[in-house]
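In structure tokens below, several structures.
The two complexes that follow have chain A in common; it is paired with chain B in the first and with chain C in the second.
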Partner chain A sequence: MLHVKELDVYYGGIHALRGISFDIEEGKIVTLIGGNGAGKTTTLRTISGLVTPKEGTIKFKNQNLLKIPSEKIVGQGVVQVPEGRRIFVELNVEENLMMGAYLRRDKQVIDEDLEYVYKIFPRLKERRRQMGGTLSGGEQQMLAIGRAIMSKPRLLMLDEPSMGLAPIIVEEIFECIKYLNDNGLTVLLVEQNANIALQLADVGYVIETGEIAFSGEAKSLLKDDRVRKAYLGEE
Partner chain B sequence: MFMEQLSNGIALGSIYALTAIGFTMVYGIIRLINFVHGDIYMMGAFFALTGLTVLGLPLIPSFLLGMIGASIVGVLLAKFAYSPVFKAPRINLLLCAIGAAIFLENFAMLVWGPETQSFPTLIENKTYSIFGFKATTLQLIILGVSIALVLILTYIVKYTKLGRAMRCTSQDMEAAKLMGINTNRVVYFTFMIGSSLGAAAGVLVGMYYKAAYPMMGFTAGLKAFVSAVIGGIGNIPGAMLGGLIMGVSESLGAAYISSGYRDAIAFIILIFILLVKPSGILGKSVKEKV
Partner chain C sequence: MANLSRVLFNLVLATAILFGLIKILSKAFDFVARYISSIDKKTKRFINIGIALMVAIWPIVFINQPYVLRTSIIVLLYIVLALSLNIVLGFAGQLSIGHSAFYAIGAYVTALLTVNFQISFWIALPTSALIAALFGLLLGIPTLRLKGDYLAITTIGFGEILRLVLINWTNLTRGPAGIPGIPFPKIFGFMINTNLRYYYLILVLVMFTIFVSYRLLNSRLGRGLIAVRDDEIAAEAMGIKSTYLKILAFVLGAAFAGIAGSFFATYIHYVNPDNFNYMESVLILCMVVLGGVGSIPGVILGATVLTIIPEALRDIATYRYAIYGILLILMMIIRPQGMLSMASLKGGAKSENSGNKKRNKGLRGLSGS
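Let's turn to the complex of A and B:
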């Protein structure tokens, strides 16, 4: 579904991505794990068109994503839940959700999708008139995911959804990602929390200093010694 | 006398408010102190004057000509002076704004001449007195036009799709892009609206003082800046409030203290507000939640 090939990205003089390649099959959950500054977020930003790579190709369903501006990439169904949620703090919950549907014109289906989001996150429904900035961290993450669902994603990319959240909330969020995937949504999950990400995902890629160090089935990566030492804190 | 000064102040304040709104909107979207805004206001006055005297148009078409002409200038500036340096450090953008201001002032001198041009008298200026308020026809027109424009603006920002896109872009441009918002278009639209409001203020001032001159935007731009900061920069209701406070205190200050201090009063208020509430009256202090 998504094919990333030999991606090279520079930030000023810094070589942030050094020839990253990976593939996502339809219906799967793929995770990119790695430490701080490894290039996970940069990879997502490049796919979303917020960063222009020096070299490489990104193909989504045989379309070259590098040729289209970021606002049109969303229209293609490649939707990102950015790091740190980035919800609109001065808009209320429902307005935030409706911003996700900004490009859509199918009013009836939008209403159905809104109900769908409220079904997945009943807490958002309770707070629909509350300003985004007054929500707790977990609720903001739910809102960010809900907003992305409103964009009708075919590929949902999540950047560190567990960041700064209590373990019980993280569990809730990951349940929801699983639920969405069970309903047919393809997911690209970027995580520092390798343990929880690999438990959920089908396929895992490990990024180190801008390169894919190794990859494999998520279940086997969980048992891999290199992963256990570097990311799961085991001896 | 107090009542007269108060209505002077309100008229002046509505003009400041209109100018400040354009200023604060541009800041809200691209975090640029748009020093060219005062000159857009001047361009508005000159376009309208050209409509009235050279083209012989009636008042309302000339007024619209001023607004439309200046908004085209605003969008062209955004396109050719600002967008090439959008991604550069903010200081480059600021320098471009100052350069554009110098350009427009000299452009106006070249086209319309450096001397003060008089605005024709189109409206018979009568004085009305309502509930002890004394206001002239022109003051009432200024107030009415300002209120109407602010209502239109509020409608656009609050209830249209483009307005919602504007609010999102000003809160978080990148997140807005991730929603599929064409942020470039939002930026140009903001310049268009901001410039047309600034131009309306310029035309109203031209009618009020019956004069237009190439440097008329300089103090106006500074005062718009001060009004925007007083109200909380980036905040539209704040800019209106800031403008009104400035206009009223300037008029009252000029009447009761000394008219020589007229322009200084604006800056005294600014210093006071910055000491007491640095984010401005309606401004929010930035709080970060991690």
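Let's turn to the complex of A and C:
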């Protein structure tokens, strides 16, 4: 579904991505794991069109994403849930969700999707008139995911959804991601929390200093010694 | 020496009194905001009609007091100006400190058209708005890629350049001498030549500005603007063209400032570059910030209060501007979110989380990340 090839990204003189390649198959959950500064977020931002790479190709369903501006990429169904949630604090929950449908004109389907989001996250329905800034961290993450779903994604890219959340909330969020995936949504998950990400994902890529260090089936990566040592904190 | 200490004593006394006063008023504003956000649609409509009626009857009550009428007209003029800046600063979150430039463009376009070409005010008014909007577009395209402080500096620069052009392009603008003799507006033989008639003219313009502001705020575009202001990266991740929206807000703000300028020219009958200096921009900015950035009722209140206070303080002539300054400083310390803030009107101030965050951010927060 998404093919990333030999991506090279520079921030000024800093070589942030050094020839990153990976593939995402339709209906799968793929995870990129790695430490701080490895290039996970940069990869996502490049796919979303917020950063322009020096070299490389990004193909989504045989379409070159590098040639189209970021708002058109969202229109193609490649949608990002940005790191740190970034919900709109001065809009209420429902307005936040409607922002996700900003590019859509099909009013009736939007309403159906709104109900769908409320079904997945009933807590958002309870708080639909509440301002985004008054939600708890977990609710904000749900809102950020719900907002992304409102733009009818075919590929949902999540940037560290577990960040700053209590373990029990993280579990709840990841169950929702699983549920979305079971309903046919392809997911690209970027995580520092390698353990929980690999348990959920089908395929994992380990990214280190801007390069894919190694990759494989998520279940086998969980047992891989290099991963256990570096990311799961085991000796 | 004795004089100096007396002045200082008086100022300290005034500061203390104002401090207490603002503390009390602050509670009152919170109460009002809570009330506004809690009332239902029907009561709201009732209150709106009540206010509209009051505003409509107001000049008839004071028909024999030209001073009150003139001040009311100036208040309404500043409401248009403050609301126009509010579209840029409040909705789109762009700190523009050169707003008087668009005001000046509107005024000069109307002056030049009506005096030199005898064109009717009713054509000059939309033309002024259009040309001001055009300048907004010209300034907006290159500068709105800048953020916060940098944008503020560029807009100050634009305002100053425009003022200097007005002073030095003597062939067109007659320089510092200004353009006198701007005629009364006429509609189907009906001349707008009294304060009362001018009052209703500006009232219509105010209504129009409020209407457009509300429609914009509650539309898809308006939500897009607020999204861009709240978090540009997240907005772009949702597929919002942030630069396009920011330029649109800038152009709209400029157009309304142009309308205000056009009215100013025909009301005062005389324009000169000194009417549109840097302090004018700062004054408009103060109205928006003091009233509550982004909140339409707040901005209206801010424009009203800041126009009336210098008038009300005329009796204590010497201390007038000192007290005005102290008031602004205290207001920003005690109530940085403005009199009626947007968040409190939407019921968000109830929560500790968002309220405090916004409060600490103040203007800085607007300048983006």
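The working rule: the second predicted complex is superposed on the first by the 235 of 235 C-alpha atoms of A that agree within 3 Å, B and C clash if a C-alpha of one lies under 4 Å from a C-alpha of the other, contacts with A are read in each partner's own complex, and residues count from 1 in each chain.
Following the convention adopted for this analysis, a residue touches a chain if its C-beta (ideal position, glycine included) is under 8 Å from a C-beta of that chain, and two chains touch if they have at least 3 such contacts.
It should be emphasised that the depicted structure is a prediction, and the values quoted were computed from it without experimental measurement.
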item	value
Partners on chain A (chain B, chain C) - clash or fit	clash
Touching partner for A:Thr134 - first (chain B), second (chain C), both, neither	second
Chain B versus chain C as contact partner of A:Phe88, first or second or both or neither	both
Which of chain B and chain C A:Tyr179 touches, first, second, both or neither	neither
Partner chain(s) touched by A:Tyr11 [first = chain B, second = chain C, both, neither]	neither
Partner chain(s) touched by A:Leu103 [first = chain B, second = chain C, both, neither]	both
First (chain B), second (chain C), both or neither touched by A:Gly164	first
Chain C-contacting residues of chain A that also contact chain B	48, 50, 70-72, 74-75, 79-80, 82, 86-91, 95, 99-100, 102-103, 133, 147, 151
Footprint of chain A on chain B - complex, ascending	161, 164-165, 167-168, 171-172, 174-175, 177-183, 289-290
Chain A to chain B touching residues, read off their complex	48-50, 69-72, 74-75, 79-80, 82, 86-91, 95, 99-100, 102-103, 133, 137, 147, 151, 164
Contact footprint of chain C on chain A as seen in their complex	48, 50, 70-75, 79-82, 86-92, 95, 98-100, 102-103, 129, 131-134, 147, 151
Residues of chain C touching chain A in the complex	220, 223-224, 226-227, 229-231, 233-241, 294, 342-343, 346-348, 350-351, 353-354, 357-358
